[in-house]
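Same chain, two partners: chain A is paired with chain B first, then with chain C.
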Partner chain A sequence: MADETCETCLSGTNLTKIYAFGKSRTVAVDNINFCFNAGQVISIVGESGSGKTTLAKMLLGLTNVTSGQIYFRGKPLDISTSKKRKEYWKSIQAIFQDPYSSYNIFTKIDDVLLDCIHLRGGRKVPKEEKIAMMEEACRFVNLKFAELTNKYPFELSGGQMQRLMIARVFLLKPKILLADEPTSMIDACSRASILEMLLKLRDEINMTLIFITHDIGLAYFISDEVYIMEHGKIVESGSADEVILNPKEAYTKRLINDVPKIYEPWDLSTVDYHL
Partner chain B sequence: MGKTILKVDNLKTKYITRYNEDVYAVNDVSLEVEEGKSLGIAGESGCGKSTLALSLMGYYFAPLHYVSGDIVIDGKNISSLEPDAVRQSVLGQEIAYIPQSAMNALNPTRKIINFIEDVVLAHEPNSDKKEIRQLAETRFELLGLPKSVLDHYPVELSGGMKQRTVIAISVFLSPKILIADEPSSALDVSSQKMVIKMLLDLMDRGLVKAMIFITHELPLLYNVTDDIMVMYAGQIVEKGTARQTVFDPLHPYSKGLMGSIIVPEAGVRNSKLSSIPGVPPNLKHPPQGCQFAERCKYVVEECKTHEISMRPAEGDRAYRCIFGEDVLRKAYNNG
Partner chain C sequence: MRNTLKSIFKDGKFRLGFGILVFLLLMIFLYPLFVPNPPLEIIGRGTFFPPGVYVSNLDSVSGAPIYSLTLADAEAKRLASKLSLEDRAEMKTYLLAVGVPEEQINIEDTAALLALWAEKYDPKLNVKGMIFAKLQYYRRLNDKLVSLLDSEGLILARETDGVLEKTGQVLPLDYVNIGEVSSVRVLPLGTDNFGRDVLTELVKATGVSLQIGLIAGSIATAIGLVLGLISGYVGGWLDDLIMFFTNLLIVIPSLIILILISYSISQSERGPTTIAIVIGLTSWVWTTKAVRAQVISLRNRDHVNLSKLSGHSTASIILRDILPYIASYVVMAFILQISSAILAEASLSILGLGPKTTLVPTLGLMMNWAMIYQAHILGKWWAYFPVIVVIALITFSMNLINTSLDQIFNPALRE
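Take a look at the complex of A and B:
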């Protein structure tokens, strides 16, 4: 199995993904190299269609890599069989954009959380202990387990569902959490609490957090390192302060300019309608 | 002082659920918008922002019902009109509405020009289609949209382009007031900027006289609007200019909201975000007294028993709290 002490958690060399349909070919991710260190918060920022989500799917093993190689803790990632893939998924978990479609609507919340305990090999744990674990996870995300038993996920609000997602991750204790726009469908107030929870969770179980977003303000708030993607390529990367306070690429500058700010004036004169 | 375009007095509307329970989603709201001004409405999901927008338009279709209060648009009281009369004489001409998801607002089987024809024909049944087309072409050019968009189907346009097209269609009859309900929250930052620029252009050119802008993104609201109103559980809890509300919030709820602002500026990274614990009250059984009491850090016994009304504060603003402004500011300074 992978090397436990390896500093680099996840890395990729010459990673490319091409979607081909008939004669048309779309290069979604174009020959990128990256290296994510363990225990850090890494943001991947880009506009719609820049290949962020395709990169996420490749990292999760949900889609094939056209060429290039992903390394998990220094070893080439092998997910050729479903058994190996399931083993890999014990180390990497994801939170997606739309909380409403992230759950099986026929599964009760108790079972959602119970499944996580079973996946961690807790099948033989006595029932009281399982309930205590579930209560602890719910408390971590400011939900009350007693109010959730015998309910279905669709009875919760969007923010609560997303927090339940974090409770799952808390129980599963993966090495990597990949959050793909986890707050874009949630209002500003719940967003703050979800970001705080993700950071707290990172410290609690010492995982690597890969945060995908189009909002560079969020990326700046949460991350240690930032990767900026444009048309499938990584155009700029580095520490959050370096990239966002002193951007070098024109694209990064534009992304930062486009976000409304409160301490500096927001320059609307640069808008080009004919883009 | 400019001319008052929209004046709302003690508006109250309710939803009737299928178990015959009353839910007052807009409760005692008064507001005023002057010519050339824009008003922002902020608040969490479910606080009644969108219901307020529908109520202002007189769009009372079940389960939404009108209870009491006046809506006066440019001297004309629309609150007593029937929904169908509202649709004929008010919507589009007096007041226009931009929904949140433009993607779902357009019928996929019709071309953009057809929607514009619909809008015009609904108000002037004898208009000539060629004239409408000419008008549409001039208007689209004015707003920076390519003419070719008119002959496209909605699916052929990108999200940002669709949203801008919907805006152009909504303001085609030059309404007096435009209500934009989260017009940019489904878009990425660059398209968002284009949509906002377009809305501000509309105001500058006088195509709309005043605007109400609804969103939960406070930095956006701060940059776009002149005044900001904060809504909580169907009530207005704070009213003031954008600068006052963002940099010197008075109501504890506004204070909490301002703590959740995230912008890419120095000093923000790893700063402490403040989020408000708990959930908004269930409006089927609203609590007595202050609606925010359950989640408020500074709550006292009286909050839970006394009905609290808006009180004026220095600088032509108002808020809904039992404490005076000095007491609140002191409490915020002490954390």
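Take a look at the complex of A and C:
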């Protein structure tokens, strides 16, 4: 399905990942095809164990693909050598689910941000300019650099850490940002601001945002395209309105029904306890 | 960092362990300043002199000023030190035989016993049932007692051409001040089988053994750390290869490899450093295994993934994102390696495969010497017991430091 009609950023054909350990085999991602357009916000929705994170790891090049092929800007993705991998990683960044484990606890916040500037080739930039860049990045995510300097990431709250993560991405300016449930460990108030910042960042540096979530409401709120995953397969895909307002698959309907609504009684009959 | 250090020093266990270690180190560095004698200098002509203060006989008789002291118990003490327990028991037997009631005889009270003896002993008396040899023995004993009671003291004389010329007299009331005797040597732990001062030797041996432990521990930890990091982080065939060798070494007990290597190096080339290197090269195995396990649990953490995505090199990820996380663990492994290397040296040396014996003492060598000369059978405790105590103190302090660090670095273990 790596068609050339759309301006693809990332696409994949027959992508499969099998975790094999001894005789036991777990098919995490089962023969999926997708095509992510540049500049869009794409949501991958599914419940726990549906293979979302494995897919993310494959897209990031952090784990090997068992079979199938990923295409990056129409060309087969080659990350066989560390040099090629590094080249690919210049254009993709990630935000992970757990902000508390995403930072090296021995690195100060200044160094986290400085590192991003250095990676963008800003090693020789004068010190004042570096500080100005860091201040700008912090302002972008509503943090005050003066309050963060000389602190360690674990001294911040979960929401602040996740915003700092966005500041990192702001400095790195990747082409693709893969956000793996970035708001699932954060309270509802911080969630909205983080989502807003992600969208703002998307507009700012014109990147593709791949948003992985189990929250279909959230997916509808932010995305252009939605992919629904169940047991490693993509069961439904299309534009957000199409998939969520007119779901065709039973699984999608169930996912939508499982979102609790404030003014309606929650229909628990659809919940399958055997899953 | 400062807070961590503070909380380490608040821990009682750590303070005890650290205190013992500092005490030993201070001994090693300060003792030679006060006793500059070479540690392997042979001073005693004979084996296993007991601990004590050694005063030159000649100097105290002829060199030092004489003071007269009338000490009431001096005579009793002198007699007490001369009369052995056997002699006292024999005296009691005689007194019983001549009809003294048992309750009147107290062999602990030297003065009373002598008084009783002077009253009851009669050399001409033929005690019934006592053989001649026994009576002769009592006669000799009586002569000895008379000379002991002599208050004239000793005459000092010099011999010239077969003629004795009186040069002085030592009276029972004569005393010398030990500070004014020109040659006094304190041997707190006596001498060993070669007549060497055990304490001086022990202090030097502790230093050498700690040095061996430090060298061997550093080598073992360095090898273990590097191999563990590579094996754990890089994985793949490199991991398989490293684990193959590690498992191979685990299967063969390291003491046997150690013995074989030590045996194949000739005695003349086995210095303490060589032994330390040999120990270091054979004991890295479990550090590798442990570091590898830690690294594997770390390498898929999000911060490592982010670092990879940020384009850092493998070396930089290992140094910045992996190493700090396992540093506390490595420090603890290092401490344990030091103490186990000291024990390894001791067990090698006691088998006679330790360093060359003529240049430096080590704790293991001292044990070896004591064992060869049967100090434990002869009851010469000062030749081996202090060594055991020092070995125990070193390993005890290291293990205390280790467990207390464990509690600091691993919050789950805190009480």
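Throughout what follows, the second predicted complex is superposed on the first by the 257 of 275 C-alpha atoms of A that agree within 3 Å, B and C clash if a C-alpha of one lies under 4 Å from a C-alpha of the other, contacts with A are read in each partner's own complex, and residues count from 1 in each chain.
Throughout what follows, a contact is a pair of C-beta atoms (placed from the backbone, for glycine too) under 8 Å apart; a residue touches a chain by one contact, two chains touch by 3 or more.
These numbers were taken from a predicted model, which means no experiment stands behind them.
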### Message
For the combined arrangement obtained by superposing on chain A, do chain B and chain C clash, or do they fit?
### Response
fit
### Contacts of A:His214 with chain B and chain C, given as first, second, both or neither
first
### Message
Just checking: does A:Arg254 make contact with chain B only, chain C only, both, or neither of them? Give me first, second, both or neither.
### Response
first
### Task
With the two complexes superposed on chain A, say which partner A:Ala240 touches: chain B (first), chain C (second), both, or neither.
first
### Message
If we overlay the two complexes on their shared chain A, which of chain B and chain C does A:Phe96 touch? Say first, second, both or neither.
### Response
second
### Query
So, A:Leu60: does it touch chain B (first), chain C (second), both, or neither?
second
### Message
According to the stated criteria, A:Ala132 is in contact with first (chain B), second (chain C), both, or neither; which is it?
### Response
neither
### Task
Please determine whether it is chain B or chain C that touches the greater number of chain A residues.
B
### Message
Rounded to the nearest 10 degrees, how wide is the angle at the Cα centre of chain A between the Cα centres of chain B and chain C?
### Response
80
### Query
If you stack the two complexes on chain A, which partner ends up touching A:Ser82: first (chain B), second (chain C), both, or neither?
second
### Query
With the two complexes overlaid on chain A, what is the closest approach of chain B to chain C, counting only CA atoms, in Å?
14
### Summary
Check: chain A residues flagged as touching chain B and also chain C none
### Task
Spell out the part of chain A that touches chain C in their complex, as residue ranges.
60, 62, 82, 86, 89-90, 92-94, 96-98, 101-107, 115-116, 119, 172
#### Entry: List of chain C residues in touch with chain A within their complex
301-303, 305-311, 314, 320-321, 324-325
### Message
Going by the contact rule set out above, which residues of chain A touch chain B in the complex?
### Response
47-48, 142, 157-159, 186-193, 195-196, 214-221, 240-241, 244-245, 254-256, 258-264, 266, 268, 271, 273-275
### Query
What residues on chain B touch chain A, complex-wise?
44-46, 144-146, 159, 188-190, 192-194, 196-198, 200, 216-220, 222-224, 246, 256-257, 259-266, 268-271, 273-277, 279
